[in-house]
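Pasting the structures here.
The two complexes that follow have subunit A in common; it is paired with subunit B in the first and with subunit C in the second.
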Partner chain A sequence: MSVQMAARPNDDPLLRVEGLSVSYPGGQPDQQTIHAVRNLSFVIAAGETLGIVGESGSGKTQSALSLMGLLPETALKAGSAIFAGRDLLSLDDGKLNQIRGSAISMIFQDPMTSLNPHIAIGRQMSRVLERHQGMSRRTALKVAAEMLDAVRVPDAADRLRQYPHELSGGMRQRIMIATALLCKPQLLIADEPTTALDVTVQAQILTLMHDLQHELGTAILLITHDMGVVAGLCDRVLVMRDGQMRECGSVNKVFYESQDNYTRELLAAVPRLDEVQPRRLAVVGDSEAEATADIDSRPVGDTMLTVDKLEVRFSAGRPGPFRPVQFLHAVAGVSLELGRGETLGIVGESGCGKSSLARGVLQLVDVHAGRVTLLGEELGMLDKQRLKQRRRQMQIIFQDPLASLDPRMTIADIVAEPLHTFFPTMSRTRQLVKVKAILERMGLEAGYMNRYPHEFSGGQCQRIGIARALIAEPELVICDEPVSALDVSVQAQIVNLLMDLQQDMGLALIFIAHDLAVVRHISHRVMVMYLGRIAEVADRDALYNSPRHPYTQALISAVPIPDPRVERNRDRTLLAGDVPSPLEPPSGCAFRTRCPLADARCAAETPGLRTAGESLVACHHA
Partner chain B sequence: MDGGAARLDAHAHTAQNRTMLSFAFRRFLSAIPTLLILIALAFALIRVAPGGPFDTEKQIPPEIEARLNEAYHLDEPLYQQFGRYLTGLAQGDFGPSFQYKDFTVTELIAAGFPVSLKLGGLAMLLALLVGISVGTLAALRQNSRTDHVAMAAAMTGISIPNFVLAPLLVLLFAVTLRWLPAGGLGDGSLINLVLPVISLALPQIAYIARLTRGSMIEVLRSDFIRTARAQGLPGREIILGHALKPAMLPIVSYLGPATAGIITGSVVIEQIFGVPGLGRYFVQGALNRDYTLVMGVVVFYGVLIIMFNFLVDLAYRWLDPRVKL
Partner chain C sequence: MNEAVRGNSLWADARQSLRRNRAAMTAMAIMAVVCALVLLAPLLSAYEFDSTDWDQISEPPSLVTGHWFGTDDVGRDLFVRTLYGGRISLLVGLAATLVSLVIGIAWGATAGYIGGRTDQVMMRTVDVVYAMPFMFFVILLMVFFGRNILLIFVAVGAVNWLDMARIVRGQTLSLKKKEFIEAARAGGVSNFNIVRRHIVPNLLGVVIVYVTLTIPQVILVESFLSFLGLGVQEPMTSWGALVNDGAQAMESAPWALIFPALFLALTLFCFNFLGDGLRDALDPRDRRASG
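Take a look at the complex of A and B:
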């Protein structure tokens, strides 16, 4: 407590960081020192929100961790960070422990792993109060319950007895925030607090942080890669790249009058949800305008894929003598058609069944019911051998670029693998010629062929993954969150590449993503899924300009737009709560538990897809 | 809303109790075939061994041997004997001992087991206390001298079998230094158990220390420990309040094999130190082809280990609430 009371002239900032550097000396003589943060200076005033944005490796998280004394022991720190008259960088752990958790708190990216799964939530919260405010456990638990109330956690007292795994991601992040605010800190450091959450939940958390800041007057240091989040929440922004500050100023100044090339390029690389004219995404470091390959130059041909009432289910838990097998209906009757050269975007929150749908279409999981017809052949009727041959025509690109490449195979072997499978008689020389050609098409040097996946960046790995998917010249490619793990600038390159490839090869794409802006950018048509069912399907512009389903409307309104003036003047439909468990979906319309329009009919009758305006919608009220 | 939540909570509670009961029941059911296989294997193995319970250096007249065999039903076909044994077992009757003719096997087990339990229990307690402390210390000072010395000692402890270690300890502490008694239970005071307990515990201490170190290091790297540090909790509280419980998971799963290890270890150790425990009866029973005694001890320990593994699963569930029973 004494720390908070320390005399501080009113005009001094809350935190003054000067010349902050973080470096990791190489262990061996031939290893270079890594400079994670270089000479960073900034101030935070009481009650303000400063955003630090940058791509991975820019040093934004390292800066925050150094303030909290959480860097690994091998890190070297220099500079100063004056908070309440003390230099945070030079305090020992004992003195730092009086400040962290009390006057400065921190919340982290992944609420799944940042809470201790082995300890009840109440105990995790009460420890903080017992430590910093000397409360008894009883009083501490009472205060904890009040704080959970304040962060809008329903039935707060019951939550204290629960364990983290019993709660949803959004609930856990609320609990993280509540724990961080227990001692009424003057500064809250939030490291990517909403990155691991679905958009509707992200919108809830951002609104909550905004409201709490007004109630408590806490200053926030918000670390994020998402320009939209910054535009909505921050007073000032600091842009970082390669450990250095590129620019720092008020939100409006940085977004509208940026003096820095990198900042401008970064902003241009972000696909925007509200963009009417499709364009080629700008690529950072490449300011020359390239020929635009927009959607209209990619014509759609005749239908090549038909999915009819597809159902995919998984058994959940093992059956016991007194327990029937419970099924999780990941995909509960989805039908769709796809033409040659067409891109169908599929969006929805985690657990909506979009990845299961992809795997079902490709027959990678057992299809419980329904038919998938590719180029006139029903895949479910084929024997193993024929199906294997058909796989040449349908390929998939995965989310995690590095994890989806075998670490013990060279790039050449990885990319050539489909050739082994589908053209077993092809000579090695001929295979290598093809591999070389496709790598070059992907913008990768042929010299990479004998290297291993870990030597490449995420974006390069994803190009290798795409090369592998395309080398056997498939007709249908399913991209399962292909850019979610990538930085904005790399994402722009991959999206551009996919669009070019589609145009060249006439590919039909199913593009699965949770980022609605990217999907808008690349898709001809967009399908919104909720709990294994289609909520709405429509042509891209129709869906984004006049969404019919209340869920589509809420999703779109939850996506932050990287434009402060637009973002701060939007009317939001905030969805309450989380996606219900797919093990026990609500009766009738699955969305009714969160729907503002829900009535008795929605609980009784499952809405079928019907035409409304330019969309196909599954809603009684659309 | 509140009432609904309370109902939901109560519902979750009874549901939890029900899964607990059904878990216990499932385990009970699955224990039956395990035990049957164990009994059949032990029965077969001891009968395959050459010789019989009444072979002595002096030839017994054939008619007496026939009478003996008849009295103990050894003249029946094997499957009948097996069936007879199982029937007795189902009624809790381990049968009479062939060697200690005035005792039933049940009486022998009742005499030997308390001694073995004391020995094994103390060894296990010591192994856990010392092993976990040393392992945690080594994890906290990772790659320091403390760490290296502790882990080298642990490696040695694992490598030396206890039938080598025990005589060495006797030589040092009992024969040379004369600090501790060399064997027997003497007046029954604990000092007589010091050397047997240490010999039995040392390999387990070593293994548990290594396990603890590894899992503690991993836990200390996890995100929730970073959160605890960011909350300004001091190191002691982070270790005891946040890290210990998850770090204990591998140790708890090792408790099953550890118990088995201590039981088999005690067979040897009791022999070396002349402790009149169950292990000694077992060894002598095996040497004398005392069929019922050997079978009795095997079944008894089998049940014990199955029960212990059940307890371990419950402890696991307590340590990690995500585990489904």
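Take a look at the complex of A and C:
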């Protein structure tokens, strides 16, 4: 390989980027040029890991794409990126193709979309070797199988014949990594490689990347928004904001002795799993975030919501003449109670039934069995009209802020819709006055009322969503992953807002999230779900300080902590494999297939919830 | 009440945005002129649409004789005939499209939103009607009700709404899964209001593009029916029929083809530009770009 043979003195870095700028000139005269990256310089030494962190729009992905020549044609590039004596920015596609995929390779955020669904895994992998190393198909497949072994994919030879849709997200990301490593690249660019994955799978992938780096000596350029991932994996960190570098230095220096205000604020805005923080999260750009009383002064009132053995199931696939209807039990008998002013956090990996539980409680999906009682009334027994009236008392906030707002309605119409529904006699003027008031309470200007959702940022859209949920003064609000699509700094603002609103209005909140740190910050009690059942419920501190269920323990241990010293000295209980399909849940205890404590009893008996310490736990061994 | 507390509606915003779209406004102006001409036709010329000028058979356009577009092979004034033909063509185009629009949206959105068995029954009905041969359907109508221009509207509308219903249903199915629809359900909005307030406005982009394709298509179908003797009957005429006649005399009397074809093409262009403009105007996301 000519590229790899190029003479390179030892003290030279592997990649030297100088004055990199990426801009998009506006198409029309009145549109401004967008500067995605401005004058960025950094170096990567052989075998080191450099993390680029920043919020969305900071230009971190743009700079990575420019190195690979993957920017759209309208982009203007400036500066240089010297890799093995050649400037990557000025190479044409033909020359770049000798380097891409062989000396530098890239893994992308979404393993669902970056594999071609029509081509078997083996073929996708072998093509890389055939193209770059001139191997025959047969040898290439053999090397591919070895590489799959190296990334700990079980039954590697069988996987080669499978198609992407047959594999789980974590498995696909491993295959992406294996494909990227096939030609033993000197530099691996990883763009948010674990963002689309569950924490337990993220922990597996991060450990894998760490190990592989030691085995192969590949340098990694890791792009991420997650400070915890950086703390665990990177040697050096580069912080970006608005296309510019704010700070660059060793991990310890950036985390403990940062000279840059923005970096410090960004770190302070991240909720920590391992410590209880002041009630308000620090907000970027707001230096005087007051630290008020902790959430422990819990003003929990009488019980207002009771859920009794709720079951939600969906029919999976169409029934054929010779095939009975198969049911997917999304929620398999969950009971809970919620008091006025209380927050119940619900955590679990994707597919564990968190969202189905929320929709079951709100009667948005058909409840198969069980009872939901809100303020003394059983919702399942109400007729349509009464249920509609009850909906005023229970509202939901969605994960994707933009998708949950009708793109063709103005903000005023969106927020006023519940008033329209529940108070049809209220005059339009009166409605608009109320809308204005609540938007101001959410920290939005009244002048936004006549605009449309797409004109707002994610955080603003989420505030609008919250305004819509709260305008009819509900008593129960279910937040379904309300902050997981938002940046860290915006996430802190939204979490603070929710907590303030809860105090002002005495709301009962059910806060669903996969981020255990955020849940710890906001909740009074926390419920851990696994495959539609409760694994453990406890008061917040009890759950996080002494988790009883092995699943809870594994979840907590999988969350990366944004503190390099702590993060690097942790003992990890890594869970093997993925969540089993809810179509065929394991017998007995659903968790036994991944549980380190599993024995014969776990396969035979389904554990019920029982008291252990301060928790309610469903485990034979707790 | 101060200025900020005043809501705009989608329609008011769309009107404003449409006004800024030069192509659409020009198209609208031309359409207005064409419509005015078509309506005022009898006042503009000294000739009748069905009377023969024995001295002027197959004459080229002339300002002196007052036959501004010339005459056809039986000496009828083509200027007046073109304008009269425009009445029929525009009426068929708009009326049939309107019929198919209303039925199609209501049918498709209902089937798509309710889903399940209702959807199956409604869409299989569409399939059955679809399977009926169009010509057979028209002939059947003629046999039962006699020749009548109204029947053409009914026949064309009855066929066109099927396409519209299918397109609308498909769009509704994908819209139904969006979170803002779920948000509306969680907010207690009734099914009827969800379809009316959320589904239909979000369908408009696709529907309007389809309408701009349908109007020209309907005008052409009408000319085809006329050619077969099933549509408009002599001495009444339409653009389609005029173009058809003109095409046959193309070598000897090109004006008989050129003028009706010009009007037809102009109108179709205008509908297309207007449709594009409306689609952009009704989509808040495009508004900044097109403004």
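By definition in this document, the second predicted complex is superposed on the first by the 614 of 622 C-alpha atoms of A that agree within 3 Å, B and C clash if a C-alpha of one lies under 4 Å from a C-alpha of the other, contacts with A are read in each partner's own complex, and residues count from 1 in each chain.
Keep this in mind: contacts are C-beta pairs under 8 Å (C-beta built on N, C-alpha and C of every residue); 3 or more make two chains touch, one makes a residue touch a chain.
All values derive from a computational prediction rather than experimental measurement.
S.K.: After the alignment on subunit A, I want to confirm one thing: do subunit B and subunit C clash, or do they fit together?
M.R.: Fit: subunit B and subunit C sit side by side once superposed on subunit A.
S.K.: Could you give the angle made at the Cα centre of subunit A by the lines to the Cα centres of subunit B and subunit C, to the nearest 10°?
M.R.: Once the structures are overlaid on A, subunit A sees subunit B and subunit C at 40 degrees.
S.K.: Tell me which partner A:R565 touches in the superposition: subunit B (first), subunit C (second), both or neither.
M.R.: After superposition on chain A, A:R565 lies in contact with neither partner.
S.K.: Which holds for A:L432: it touches subunit B only (first), subunit C only (second), both, or neither?
M.R.: The second partner, subunit C, only.
S.K.: Kindly classify A:R386 by the partners it touches after superposition: subunit B alone (first), subunit C alone (second), both, or neither?
M.R.: neither
S.K.: Applying the document's definition of touch, where does A:L115 land relative to subunit B and subunit C: first, second, both, or neither?
M.R.: first
S.K.: Is A:R100 in contact with subunit B, with subunit C, with both, or with neither (first, second, both, neither)?
M.R.: After superposition on chain A, A:R100 lies in contact with subunit B alone.
S.K.: For A:D155, using the defined touch cut-off, is the partner it touches subunit B, subunit C, both, or neither? Pick first, second, both or neither.
M.R.: first
S.K.: Minimum CA distance, subunit B versus subunit C, superposed model, integer angstrom?
M.R.: Superposed model gives a least subunit B-subunit C C-alpha distance of 8 Å.
S.K.: In their complex, what parts of subunit A are in touch with subunit C?
M.R.: Where subunit A meets subunit C, its residues are 362, 364, 388-389, 391-392, 394-396, 398-400, 403-410, 412-413, 416-418, 421-422, 428-429, 432-433, 436, 446-447, 449-450, 452, 454, 465, 468.
S.K.: Going by the contact rule set out above, which residues of subunit C touch subunit A in the complex?
M.R.: Those in contact with subunit A are residues 1, 4-10, 13, 178-180, 182-190, 193, 197-198, 201-202, 204, 282-285, 287.
S.K.: Across the complex, what residues on subunit A touch subunit B?
M.R.: 68-70, 93-94, 96-102, 105-106, 108, 110, 113-119, 127-128, 131-132, 154-155, 158, 163, 165, 176, 179, 317, 320-323
S.K.: Per the contact definition, I'd like the list of subunit B residues that touch subunit A in the complex.
M.R.: The touching residues are 1-2, 5-6, 9, 22, 26, 29, 222-224, 226-235, 237, 241-242, 245-246, 319-322, 324.
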